[in-house]
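One chain, chain A, links the two complexes that follow: it is found with chain B in the first and with chain C in the second.
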Partner chain A sequence: MAIVSIPNAVATSERPAKSRRINRTRLPAALALLPTALIVLVVYIGCMLWTVRLSFTSSTLLPKLDWVGFAQYSRLFMNDRFLVSAENILIFGVLFISGCLILGFLLAVFIDQNVRAEGVFRTIFLYPYSMSFVVTGVAWQWFLNPGLGLEKLVRDMGFESFTFDWLVNQQMAIYTIVIAGLWHGAGLTMAILLAGLRGVDAELWKASRIDGIPVWRVYLSIVLPLLRPMVVTATVLLAVGVVKLYDLVVAMTLGGPGIATEVPAKFVMDHLFERNNIALGTAAATVMLITVVAILAPWVYAKYIRPQGRPA
Partner chain B sequence: MSLKTRVSAYTLAVALIASTGALAQKAEVLHWWTSAGESASVKVFADQYTKAGGTWVDNAIAGGANARAAGINRIVGGNPPAMMQFNTGKQFDELVTNDLVRDVENKAKAGKWREIMPKPIVEATVRDGKFFAVPINIHGQNWLFYNTKLFKDAGVEPPKTFPELIAAGEKLKANGVIPLALGGQPNWEHNLFRAVLVGNGGADLFRKVYGSRDQKAAKSPEFKEATELFGKMRALVDPGSPGRNWNDAAALVITNKAAMHFNGDWAKGEFTAAGQTAGNEYGCTIVGKEPRIVIGGDVFVFPTTKDKDQLAAQDKLADVLLDPTTQLEFNKKKGSIPVRLDVDVSSMDVCAQKSAAVLKDPANQVEAMELLSTPNFSGAMQDAVTQFWNNPNMSADAFVEKVVAAMQSAS
Partner chain C sequence: MTTVIPQGSRPRRLTAGRIGIYAFLITAALFFTLPLWIMIVTSLKPMDEIRLGNILAWPANLTFDAWVKAWSSACTGLECNGISVGFWNSVRILIPSVILSIAAGAINGYALSLWRVRGANLLFGILLLGAFIPYQVFLYPLVRIFSTTGIYNSLLCIIIVHVIFGLPTMTLLFRNYYTGLPIELFKAARIDGGGFWTIFFRVMLPMSTPMIVVAAILQVTGIWNDFIFGLTFAGRENLPMTVQLNNIVHSTQGERAYNVDMAATMLAALVPLVVYFVSGRWFVRGIAAGAVKG
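Let's look at the complex of A and B:
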């Protein structure tokens, strides 16, 4: 909308002085925003449209602008690997977001009890977040590898029958990704929720103590609703992480064993860059985009569009 | 001299030449040889090019896929390097059809490339009767590396066929070692499958499956037999295999924990780095009814340019790459064998000598998957193989169905 105001500024010399003054002060701002607006339009939106367009072509190594209709999409939905990827991202998304929120909230509440050496705990809990997903993935790969890590350690301690082979077990491998993700993300959620907890009015606590409400009940029924904006922030950040999930899988399992831990982003990357199949890759990317939009649309509608339509 | 001082001395030398000779033909070379052995081998080219009066500008990008993506983007964007690496095969097909790379037919004619190089390599590089790349080496992809000590302890001979290998594996297992070390990543599982297919099913079946995508071949009893043998090999692999890197798998053989390992001849680099020599601590052999070697390798392409200096630099590079001494020195470091079969390999290790001797017979030269099939179909096959390998309950018939589906849908 910044762009729209530029021709306005030039063409409004006939208007009253007041609005001209506003426009004159807005002009530099509009100019300053212009590059950003252009980048958003051309690079982000443009590339998005380009991606969608390519998904209707038969492009392989280089983009080709023919038209094959929905052929790539029908191929995509018959592809075992894509279907497994879609299922995995659902499992990961639900467990990762809810797990991080629960764990993060519990950690925040724990630190909120005025524990001693709070700074130390805060650092410890937040520390994993400073690692890249690649480091996280490799570390957990070593730790969960049956021949190197936890299983071997416990067996060497004398428990010969101890088995923890989730990493190499097709049914369970995706949950090891969730575990590594939780380890990585819970700290950030804790930090966000802790900031919220610190903002809760002390009077509320006093009042509830007088009323004799148990502490857990206060957290659950009074504090948590107050933290709604923080929870939303954390959820959005975590959800972005879910859609982007790629490097953790590559570092930890490379999509294996078999195709058990494949995720959509990896499907897109592999087909774009390794398998010279731009069309199928962009089709998968488009499906990801549509899914994200479909999830976000009701929320955006409820938050921004509906209130405006309602009579004041 | 330590690696660091060597590298800096080298950089200095390059910088000096670059600053003194404006005439020196500057050639930026994009490749993905970044490991210790690989960079030592590419340095042979760089040194020879420098000796020939050119200036080598090294642009190494880690990871084949990354390097190719970066290079292709630059070529399409009109700012190409003078020379760029690809694997022998179809990776650069579309660059040829879009006139983005130069043909080197005049060099090929002058150097008689068609006579001195194996036919599969020539065919993989020639498009419409012209060479569009310079092949530089031959990698055998289906070698079995085995630990001689563990074989002796268990009283087994190096297996000649896959049923023999499975029987030997049982004995080794009973002796308390891992019979087969496998890098449990989809591409290595697929590499193992191809070794079984070509060894037990034969070269023709291999070509029909990967080359012409013959669905009848996929449904044939020979294909099923190879699949079942491959399936039986799951029992020879340790539970820690999934996700393992190939070099960690090779390390298991080096450290006497595992007895056998299938890999391309590039794995020799790991043994050499551990101070072992072929024929002593470890041996290498081709398993199968006939000694068929699946061959691939690397090529360099020259992106199209109008710049005369660049054209001259590219011509000089082509000469340097195929010079017999350069070929020998490069391939000793790389673990491959010279692409020119007329080079005397008696100074190379026993594995390389064996490889060169077997490949003298054209019947033993089998095109690698990269030469026969598109990256897309290879990828679809890889998805099928890794599903089969990692799911012991999947029947060979179910696998055949997946292969047929891949043949139908992959472009």
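Let's look at the complex of A and C:
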């Protein structure tokens, strides 16, 4: 994974004597990268800065380029819908990430016990990941709807007073989204961690068996720390997915009941394209950007900047 | 419990531990298959049976009416042409987007891994970070750019967007793949006088089949499942299947036809499911390759 500096290894020895000639032969390579460089400059950097700039204006239906300082941000943090969105994404994030990691780890460990039909189990655990969030949302909305879904099923089995109305319950609706999210994403975590488990040295298992250490203890105290890089990668991927959460909510609850399952990405989309409040929408988008940077910065630092700073 | 042996090939006896392992795995498998099962059986039932019957039960009066209706006459708002419209839109979006983004990724990866271009590492670094930024940060300015150039809400627009946001993963995949090839191959081609494009088309591309398969799996499922770009950039005429499915489910007036909804959902899930079950291990490989972003 330490790939960032590999091009330096290529053709370093040719450099001093014939640099002009090589520059000419490298021209096609530079030209081939030019479109990507333009896209990075215009889209990835340009659009991002533009969005940040718009968040300091009073734009409503059309973009303006005035300057109102942090007025939109103070409005944003007074806005009920945004505060509910922020709280929801926090609840969803914590439960979804920890749930995926725990369930994914358990599935990976149990699959790793030399079970029959391992391939069948793996296929079953991972297939939801191939489907879209819209499909996931619609499927779970149908299964969890109180009228004809799970609640009716259990009542028909004889438990007349059974109630499961989370989907339409203001307090509980966000947890139905967590369940659907877990169903969709746990298999990915399993796949990443299973790859890690398969890389654990067989000697370690022999040694721990000779020492008579219980298997669960080996997993918890020895294997889990060994899997740290995979756990970190999975966590970062899941966390970035959390910030992007949008389609699942739209398909499953449309942010309802009321505003009970609103999330920041939906807040941005609604304000940009439906409520004609560009400045507030871009301010919320900027807050999302800052959140992602705050999540990523320690990871990028630990993975790339700190190791390179050390003397080789 | 210590009799559970995780590795090696001892004869397997049915101990309490092993029963526990299978019990857990089978329960988990039920949790993962349940929604798919419910979708399938619901889509095959008439509405009366859905209202009165058991949600898990196999249909008593098996009918494909809901599938026919979902495909050809379900309503999205005012139009009632079924989800087939969305299906063909998705196909028209998918094919050029997949081909172009793989081509772009292969060329970028090749130029970044085997040619020393000044600033290339910086370019690659920014591109990779870009993969993590929420799309909401780019959407509004992009909409403005596209409407100024007059291609907003068109097939071309949505294809360009898919290529742009596919760049990070595709570039990373091919860059890592070409970096892993023996460098002598490239040097020999250089000594024989091969230029940038000659080496790419004659040496590198013919060796890239495994990566092209992985990239195609990633892009086909990713683009087929996209919702937010289709909604924002494709325009009413080109809405992809995911957006149409959402419209069908949320805009039906009167009583909801759950069987039609579920048939439409199954239809929308079909392409990625087929890709997943046919590609098997390649799909996992694709996810793993995409998951090691950065």
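Note that in this section the second predicted complex is superposed on the first by the 261 of 312 C-alpha atoms of A that agree within 3 Å, B and C clash if a C-alpha of one lies under 4 Å from a C-alpha of the other, contacts with A are read in each partner's own complex, and residues count from 1 in each chain.
Everything that follows uses one rule, which is that a residue touches a chain if its C-beta (ideal position, glycine included) is under 8 Å from a C-beta of that chain, and two chains touch if they have at least 3 such contacts.
Just so you know, these numbers come straight off a predicted model, no measurement behind them.
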item: Simultaneous placement of chain C and chain B on chain A, clash or fit; value: clash
item: Touched partner set for A:Asp270, first chain B, second chain C, both or neither; value: first
item: Which of chain B and chain C A:Asp165 touches, first, second, both or neither; value: first
item: Partner chain in contact with A:Ile174 - chain B first, chain C second, else both or neither; value: neither
item: Partner chain in contact with A:Ile111 - chain B first, chain C second, else both or neither; value: second
item: Chain B versus chain C as contact partner of A:Val287, first or second or both or neither; value: neither
item: First (chain B), second (chain C), both or neither touched by A:Leu148; value: both
item: Contacts of A:Leu254 with chain B and chain C, given as first, second, both or neither; value: both
item: Superposition-derived comparison: chain B or chain C, residues of chain A touched; value: C
item: Identified clashing stretch of chain B versus chain C [44-52, 242-250 or 314-322]; value: 242-250
item: Footprint overlap on chain A, where chain B in one structure and chain C in the other make contact; value: 141, 148, 254, 273
item: In the complex, chain C residues that touch chain A; value: 1-2, 4-9, 12, 18, 21-22, 24-25, 28-29, 31-36, 38-39, 42, 50-51, 54-56, 104, 107-108, 110-121, 123-127, 129-130, 132-142, 144-145, 164, 167, 171, 175-176, 179, 183, 186, 195-197, 221, 224-228, 232, 242-243, 245-246, 249-250, 258, 261-262, 265, 268-269, 272-273, 275-277, 280, 283-284, 287-288, 291-294
item: Of all residues in chain B, those that touch chain A in their complex; value: 65-66, 68-69, 72, 76, 91, 93-95, 98, 184-186, 238-243, 374-376, 378-379, 383, 386-387, 389-391, 402, 405, 409, 411
item: Chain A - residues contacting chain C, complex; value: 1, 3-11, 25-26, 28-30, 32-33, 35-37, 39-40, 42-48, 50-51, 54, 63, 103, 106-107, 110-115, 121-136, 138-143, 148-150, 152-153, 156, 183, 187-188, 191-192, 195, 202, 205, 209, 212, 214-216, 233-234, 237, 240, 243-244, 246-247, 250-251, 254, 265, 268-269, 272-273, 278, 281-282, 284-286, 288-289, 292, 296, 300, 303
item: Residues of chain A that touch chain B when the two form their complex; value: 58, 60-62, 75, 78-81, 141, 145-148, 165, 167-168, 170, 173, 252-260, 270-271, 273-277, 279-280
